[in-house]
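Working notes for the structure below.
Labels run A, B and C following the written order; every chain starts at residue 1.
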Amino acid sequence: MNPQQLKNIIEAALLAAGEPLAIEKLLSLFGENPPERAEVRAALDGLAQDYAERGVALTEVGSGFRFQVRQEYAQWVTRLWEERPTRYSRALLETLALIAYRQPITRAEIEDIRGVGVSTHIIKTLHEREWIRVLGHRDVPGKPALYGTTRHFLDHFNLKSLDELPTLAEIRDLDSINIQLDLGEPPPGSGETSHEQQEQEPG
Amino acid sequence: MNPQQLKNIIEAALLAAGEPLAIEKLLSLFGENPPERAEVRAALDGLAQDYAERGVALTEVGSGFRFQVRQEYAQWVTRLWEERPTRYSRALLETLALIAYRQPITRAEIEDIRGVGVSTHIIKTLHEREWIRVLGHRDVPGKPALYGTTRHFLDHFNLKSLDELPTLAEIRDLDSINIQLDLGEPPPGSGETSHEQQEQEPG
Amino acid sequence: MSTELQEVIAIETPPVLPPFAMVQGAPLTQMPRDLYIPPDALEVILDAFEGPLDLLLYLIKRQNIDILDIPIAQVTHQYMDYIELMKDGPLELTAEYLLMAAMLAEIKSRMLLPRPPDVAEEDDPRAELVRRLQEYERYKQAAEDIDTLPQLGRDVFHAGVQAPDGRLQRPPPTVNLYEILLAFKEVLARAEMFSHHHIQREPLSVRERMAQILTLVQADSYTDFTALFNMEEGRRGLVVTLLALLELIKESLIELVQNEPFGPIHVKSAVARFTEVLS
């Protein structure tokens, strides 16, 4: 086996393994006639040089050697896993709407109106988006939080104040009237929540 | 972005992805300012050349481009894993062959040609491997599923398209004993999917 | 044509079977002489057939017979021998094998019948069988070919590297106001809230002001009632604030305190506040 072959085998093994390989493991690939340890070392050095200017680099980590994406290219590569934005559930939108229109409101009150429970996850998500905040706690047993919307909520939906939200009467006729509001997007043809991708970026 | 950078990003992405990447996907890594398609093509060509003498090779398969270990080094690389690769039964392979060459095809049609029943287990395994999918349903009583192969099937068998499947053996007619049979001899070059023949199956 | 047919018919003459075979001193009464398999391998071999077509192909290939010119009598005879074996053996004899046996028997009998000279040639009784055998054979071959293709994980291996950190990126969902309104409309319809007069009339600015006041007033100290009114808002703004205060009192969210008649009114929050929740 010539050095070029040895280097190619080690390169192939490192790239196929999916985990770091120690030199012992690399030696074990050759069965009865393993190369010298020094030869493997030399091959690894050679590979590191070959890849010096490339998109991936050979690095030594705790459990051995592996190829990894160079940090400078990570910003492009990570886009591989950028998922398309998902859509919020009906439950979340209803909860948000109730908080906007009925603030200050407790979770129990939201559940009362919706007729079903509101998951902690929804409240957490709305907090994370900074669309709702806790205004205080109602002075009843359990001291439930009173939720309201935030400045950020108004900004996100391009509202100067809550007053700019359509009135209940307007909402009732949502399908038929042309709401005098910058809703960010022409209403979808059907009354149902559109399943198309929304292009609107968070403000 | 200079060509070398572009090549490095594509190299890193292909190696990090864990699955073949189509050119569209590669273009999507660049967000607002994607390179020209031709530039990506050129980068891929460049990479293929860079790796021409190495342990891995850039290959195009059904769902895009991937780096894979050169077959000449497979004998060493395969020692990385204790497990032997699965061997598939003849029943499974024949069913797969019929689906690959005769798609869209129903289970009953497969059974007709093989002369025996096709077990549900085989269809299930082929689905689990993501080698086959239901293309639709034949509009006959019972609405049997019509099966076809997937891109994943092409990827697994190292094929770019169904055209690359080995050519089917010809069916000879009986003229050596002077009998004119309407066997629907496939026209030359239509080795892959001769749907005409399927239509001639006696009902 | 006639000579060839005669050849075919000539083969039809039943071959005289020799007496029972003696294998290692033991008489073999059931084993036909033209099965080239030892008894203990029988199960394995029968198991290896993918059905009657596969078995027939085996019988034909074994004897280097052209598939287009099958000596039906001979092949039928051999096939029936296998069927007999399978009947006695541990393996279940499937319907497909019996069906084929019937088909072979039918072809055989049709071959034996003398045919009038004007019968069209496609009436060769073997034609359908030959077609099916070839059809099956090509896919049997295709299956073998597919198995020899380089397979991922067997012959080729995907090359990969460690992906950069932070690989799970999911942009938050985007929402537009319209969706929220639709959701609200639905929940209101469900709760039949449109019929509730007080909600219908309530200006949203009051709700907003209620929220503002709640964040202003404290539970442990008093806020001057008048400090809650911003004179610059004008009459409408003052009314909104007043309505908000009244609504808050109604909902027991604030308390108004007046120590003496006509003295200053103070506002105290009746809600417990946990700043850690706010942050």
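Definition applied: a contact is a pair of C-beta atoms (placed from the backbone, for glycine too) under 8 Å apart; a residue touches a chain by one contact, two chains touch by 3 or more.
On a predicted model such as this, the values are computed, not experimentally measured, just so you know.
When every chain is represented by the mean of its C-alpha atoms, the one lying closest to the mean of all protein C-alpha atoms is C.
Among the other chains, the CA centroid farthest from that of chain A is the one of B. The interface with the largest number of contacting C-beta pairs joins chains A-C. Mean C-alpha positions place chain A and chain B at a centre distance of 32 Å. For the pair chain B and chain C, the distance between C-alpha centroids works out to 19 Å. Rounded to whole angstrom units, the spacing between the C-alpha centres of chain A and chain C is 27.
Residue positions 12, 15-16, 56, 67, 69, 73, 77, 79-80 of chain A are each in touch with at least two other chains. Counting partners per residue, chain C has 157-164 as the residues that reach two or more other chains.
On chain A, the positions that touch chain C within their shared complex are 12, 15-16, 18, 56, 66-69, 71, 73-74, 77-83, 85-88, 90, 93-94, 96-98, 100-104, 113-115, 129, 133-139, 143, 145-146, 148-149, 157-159, 161-163, 165-169, 171-172, 174, 179, 181, 183-185, 187-188, 191-194, 198-202. Of all residues in chain C, only 157-188, 190-191, 193-194, 199-200, 203-205, 207-208, 210-211, 214-215, 252-253, 269-274, 277-278 touch chain A in the complex they form. Chain C contributes residues 1, 4, 48, 50-54, 66-69, 94, 96, 100, 121-122, 124, 127, 130-132, 134-147, 149-164 to its touches with chain B in the complex. The residues of chain B lying in touch with chain A in their complex are 4, 7-13, 15-17, 21, 25, 28-31, 53-56, 67, 69-70, 73, 76-77, 79-80.
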